[in-house]
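Pasting the structures in now, so scroll down.
Here chain A shows up in two complexes: once beside chain B, once beside chain C.
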Partner chain A sequence: MHGISPQQFAETVSSFLVPFYVALAAMNGIAALLMWKKFGPVTYFRVFGVPITNALVWTFVALGFMVLASMCAGANMNMMPQMPQSFRDAVNERTGPVIYTLGTTALLIILFVFRAWFVRPAVAWTIWNLMLLFLGLSMPDSNFFSIVAKPDNVPIVALVFLLAFFTWLATYRAVENDRRMDAGEPPLEKLDDEKVLVWPDLVYIEMICMIALTALLIFWAVWLQAPLEEPASSVKTPNPSKAPWYFLGLQEMLVYYDPWMAGVVLPSLIVVGLMAIPYIDFNKQGNGYYTIKQRKFAYIMFQLGFLELWVTLIVLGTLLRGPNWNFFGPYEFWDAHKVEALNNVNLSDYFWQWWLGKSLPAVPQLQPIIDYTPTWISSWLQPILQFVGILLTRELPGTLLLLGYFIALPPMMALTVFRKFYQRMGFIRYMVMANLLLFMASLPIKMVLRWSFNLKYLIAIPEYFFNF
Partner chain B sequence: MADKKLSVAEILAAARKADKTGGGAEAPAAPAVEAAAPVEKPAASAKPTAAPAKKPAAGGARLSVAEMMAMARGQKAGGEAAAPAAPAKPAAKPAAPAAKAAPAKKEAPAAKAEPVDTQSILSAARKATKPGPMTKAEAQAKAAPVAADTKKAKAKEAIVVPPMPVKPDYAKPTAAKATKQQVVERRAFLFGMSALAVGFSALSATAAAWTLGTVRFMFPNILREPPSRFSVGTTDKFPAGQVEERFKAQFGVWIVNTEYNGQQQIVALKSVCTHLGCTPNWLEAEQKFKCPCHGSGFYKDGINFEGPAPRPLERYAIGIGSDGSIEVDKSRTFQEEMGQWNDPACFIPV
Partner chain C sequence: MPGLGEIITESQIWKSIFRHPMPVDRRNRIVVMLTNFFLHLHPVSIKKQGIALSYTWCMGGVTFFLFLVETVTGVLLMFYYRPTLEWAYNDILALRDIYSLGIMREIHRWGAHAMVITVWLHMYRVFLTGSYKPPREFNWVIGVILLLLTLLLSFTGYLLPWDQLAVWAITVGSNMARATPILGHEGPGHQLLTLGYPMITSGSDARFALLGARNVGEETLNRFYILHCIAIPLGVSLLLAIHFWRVRKDGGISGPL
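Take a look at the complex of A and B:
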């Protein structure tokens, strides 16, 4: 933290952590009370005849959080519970865009495969507590605190927890429904399909939500000051320069793509693809109730696109990208002079220079066209032909790869993995679906190629602002 | 007029009274409303009239909603109920104590048979045609309509609207006293018109002035850019290997003395990233230009080497002016990927 003394920092952290831990203790205490009184306690085991119930366990957890709160109360850094320095160093050292992205992917896959276990309330509640405990233990680190507690980033931290909760809620119901339907029972939503009236039942709920959220926003706006920066200047860009939080996924995408691709083509395809979903979805199951088994493909595609390619990139861009858009570990100081080797090479360079040992083929000048046609024709014909010429000579490997990817791959997929899809969907719908899918997959593929081969562009024609 | 009409609540209250006491108890029905208008005799007390002088018969002049609904229900219920419901209409008019109590009594069982709240009436109407799930109210109405009705009636009993007080004299509307102005004088008419004309002319003039002002606002009296041609000093101020950042803030240009293609040159690099147009920073320690937006990096000579930037930084035209100092011309740019850096207009050999 810049501009404040260690003592001031300790007081700031303490003023956050004490209410934070007290709230966690209250949360667990209320949960224990509900388990005891409302749901009926579950006895895990007995010690000398005394039943150890879930209510008792969570009461002890609540007591533990109260102890942590009291340890933070003195604003004394040595007393405050925090992550050990060795752990922080290890995390800083090991993390990077590769570990982060692959790690979140692996984590989501594990959560998905073992979802029946992870959604059990006791397990989910434990994970929830551990997430909050991780936040609390990391806060005394000044680098972590300065990023997480920045007013700009508070919504992102909230987003992580809210998303965890809502993903759990939906998955929990889906798992339960799948189990019921396997046993031949109707899904939960069909049991209680009592009709309620829009007015007043729904409208009142909406109005109450509206008022509560407005109140929340007002208190938020009063409590956290608006993060104003220095006056704008056309010749000075803040370092790091970040898009609004909801666009940070796009900004991360721009690291791997040409602005024309990542700024125009892919965002448009995202919107078009979302609009196309109702037309390419042929699965009539899963209307009005949560399910995963009956809509496995749709579910996986959505979670891949939303959680993996959108939300984790937002979190990465917000919390882990620092000056010069370098990657910084969660406990790392944002050093504007951090040196990272990001030397990138185009595919054509790899192919002609490194593999064939030749120099790049020259740009075709097409002199005859300039010489033998009138100016009004050659002025537009020459650039087009030159562009195509570059595409077919210097950038031939990338051109062939992309043609194979977008033209040869869909029929191959139709014959193999998507055989049933193709039969159900027909040619046009299948091709739309396959191309959207391939465009979506091109982002992680490009990321992996960048990390593993330092690949900049598959097709690089900077002369005509065309790079892929 | 309004005070002569029976309100739904009172009709219901009367009906409930009658219902509660069983057969033909008119007498106990009276005290309930007596509290509101104690001076009246029991017959009139069933009406919410505030002016006792007015004739009581007027109370039944219009049918109340409840009565209409009771009739409708009676007709729907069939022959048995239709007969008692029918007298309700004529009986309401005389407002005799017996007549008043009678329709009320008949109404009560009719109301009992089906719940009286809007939801239930609507759902009852739909019942025959509509399959599918039902609301809680419907389910309740189906299961125990009588219980629901008596419960509701009890809850509603408390509401008794007190009569309106008599309007005092000062509150009564008086006849309009202004009769003078009805004579329109020719002079006043003319004067009024011209005032209107003046007003509208002024309004139009103001609007026109605003429009002109807005148009003027579109063309501010400013110099949009610093001059595109400017001199930066003599060549000896730029030693080899130096990146001069002084001109970045005002002109958006770095003056760099660097080696390109084996030749030492002074060039003017445009400080705009070729990826997405942010302004890179010169990092002296790392000897590179680094863009804060997506991490593009450029060597000292402007060649891109890291991050997503697809091409090198652009150069501005540069040359020696007539006074011997270096002159940069921002109106022309030179791109390396187009082979334009060999143009002698974009560097000064040193």
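Take a look at the complex of A and C:
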């Protein structure tokens, strides 16, 4: 932390961690109580005849959190439980955009494939506790704390935990529904078919929700002051300059795309694509209940787009991108002088110079056309012709690749992997879906190309602001 | 002698406001839903699973409630805030340090963040239960527009404190607009709009339309203030009304057939 003394920092961390650990202890204590009284305890094994039940285990976890809370209470950094320095150094050293992106992708795939195991309450509860423990143990690190506890970053931390919880809840019900429907039973949602009156059953839920939310907002507002920095100055550019957190996935895409793609075309396509979902999803099953098996393709594509390409990029852009948009590990100091070698090469450079050993073809000259046409025609005809000329000469490799990707690939997929889709969707719906998918897939493809070949642009025509 | 409560509820004033007796029996619990303006958004009865929190997560309702909170706190903040270079920052400072109800700003800001998150969670739930499928396709489309408007509400509000955080976040965000194809002065194809001289310049492109100037300045503050306090909330209100109406008309909350 900058601008405050180590002792003040210790007190700040302590004032967060003590209620945090006490809340975790209460959470586990209540869970243990419910297991003991309501669900009936499950005995794992016996030690000298004493049954070790799940309620007992989580009671001990609750006691453990109380111990952690008391260790934080003295605002003494040496007493405070924290991640070992060697672990923090290792994490800082090893992580980068590649590890981060591949790691989260691998994690999501593992969670998806073994979902039947991960959604089991005991497993999910353990993971939930470990996530919270990770947060608690990392907070005493001043670099971690200054990023995570930044007032405007608190919503993202909340978002990560909320998404973890709700994804578990949805997957838990989907797994259960899939099992039930495999056995010929109706989904869980079908069981509560009887009708109840909205007054009192719904309006009371709504009222309790409103009161709870009001309380939460007031508590949040008292606990955390809204940020207010120095007055605006057009000459003092902060480093890093960041958009609001919900747009940081788009800002992160600027690493791989030019602004016209990352800032305009792709966001527009996200909106259009979301709107198109009900019209391209022809699957009649899975309407009104949680299921994965009955709509696997739609499910995987949505989770890939939402959890991986939207949320993890936001987390990356907010928490792990520091000055000059360099990557910083979670425990790393945001050093504005950190230098990262950027040596990105365009496809046309690779093709003409590196592969063929020639210089780049010159921009085609169009002087005759300009000379023999009236100015009002040539003033807009000339840029078009020159642009097409560059596309077909200097940027020919990229042009061919992109034509193949967007023009040739959809029909080829219609004949092979998407054969059944194409038959059921018809030409227009299929083409819309295929192109949306290809645009979405272009992001991970460009990421991999960047990481493995330092490839900057497939088509680079900076003369006309057209870089792809 | 009737008690005070009875005197009140039997009075002509009370009866003229609430057009039904207390909803304590089945008949009046139905009547209350049909005769009360605020309650008539709801159906009279509903399937039990349709109100189960494990199914609905209550996120749509929470989002709507947060919109109401933002409206109320926003109106209160408007009493104290003047969108000019001279006053904007100082008014926020005063809200923080002087005015007794300055905490409204905290509630407004955290409520705004929360609203973005709850919209996402609401859409997440609607997707995972396949609730956008027929006959609810168009309501999903309206929902996507509402998502966009929520983000724009939050984005335009971000500028108003006029501190470094605000101005540079909006600068970074709106810089994208100058790369708009054809309509941005650094976007591909802007050379096509020409009449012998370029029509799209930094003084006439999409970014200029958004900011009202070449840079984030006083014109931008005024423009974002009006968008934030009037234009977008009006649009959201209209679309919310349609969104709720369509929920009812499309068969109420989704569930297995």
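The rule we apply is simple: the second predicted complex is superposed on the first by the 443 of 468 C-alpha atoms of A that agree within 3 Å, B and C clash if a C-alpha of one lies under 4 Å from a C-alpha of the other, contacts with A are read in each partner's own complex, and residues count from 1 in each chain.
Keep in mind that, in the parts below, a contact is a pair of C-beta atoms (placed from the backbone, for glycine too) under 8 Å apart; a residue touches a chain by one contact, two chains touch by 3 or more.
Since this is a predicted model, take the numbers as computed values, not measurements.
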* **Which partner reaches more residues of chain A (counting touched residues only), chain B or chain C** => C
* Asked: So, does A:Ala460 touch the first partner chain B, the second partner chain C, both, or neither?
  -> first
* Asked: Which of the two partners, first being chain B and second being chain C, lies in contact with A:Val339: first, second, both, or neither?
  -> first
* Asked: Regarding the shared-chain residue A:Phe306, is it in contact with chain B (first), chain C (second), both, or neither?
  -> second
* To do: Could you look at A:Trp354 and tell me whether it touches chain B, chain C, both or neither (first, second, both, neither)?
  => neither
* To do: Could you tell me if A:Lys195 is touching chain B, chain C, both of them or neither one (first, second, both, neither)?
  => both
* What is the contact status of A:Phe427 with respect to chain B (first) and chain C (second): first, second, both, or neither? -> neither
* Asked: Which partner does A:Val235 reach: the first (chain B), the second (chain C), both, or neither?
  -> first
* Report for A:Asp258: first if it touches chain B alone, second if chain C alone, otherwise both or neither. => both
* To do: Based on the superposed arrangement, let me know which partner A:Asn324 touches: chain B (first), chain C (second), both, or neither?
  => first
* **chain A positions touched by chain B in one structure and by chain C in the second** => 193-197, 233-234, 236-238, 241, 251, 258-259, 263, 465
* Structure fact -> Per the touch rule above, chain A residues touching chain C in the complex are 152, 154-155, 158-159, 162-163, 166, 169-170, 173-174, 186-203, 205-206, 209-210, 213-214, 217-218, 220-222, 224-234, 236-238, 241-244, 246-247, 250-251, 258-260, 262-265, 271, 274-275, 277-279, 281, 283-291, 295, 298-299, 302, 306, 375-376, 379-380, 383-384, 461, 464-466
* Complex contact set, residues of chain C against chain A -> 23, 26, 29-30, 32-33, 39, 42-49, 51-55, 57-58, 61-62, 65-66, 69, 89, 92-93, 96, 103, 105-107, 109-111, 113-114, 116-117, 120-121, 124-125, 127-134, 136-138, 140-141, 144-145, 147-148, 151, 154-155, 158, 161-169, 171-173, 175-181, 184, 186-192, 194-196, 215-216, 254-257
* **Residues on chain B engaged by chain A in the complex (per definition of touch)** => 119, 132-136, 248-250, 252, 271, 274-276, 278-281, 283, 285-286, 290-295, 297, 305-308, 310-311, 337-338
* **Residues of chain A that touch chain B when the two form their complex** => 193-197, 233-241, 251, 254-259, 263, 323-326, 336-337, 339, 341-344, 456-457, 460, 462-463, 465, 467
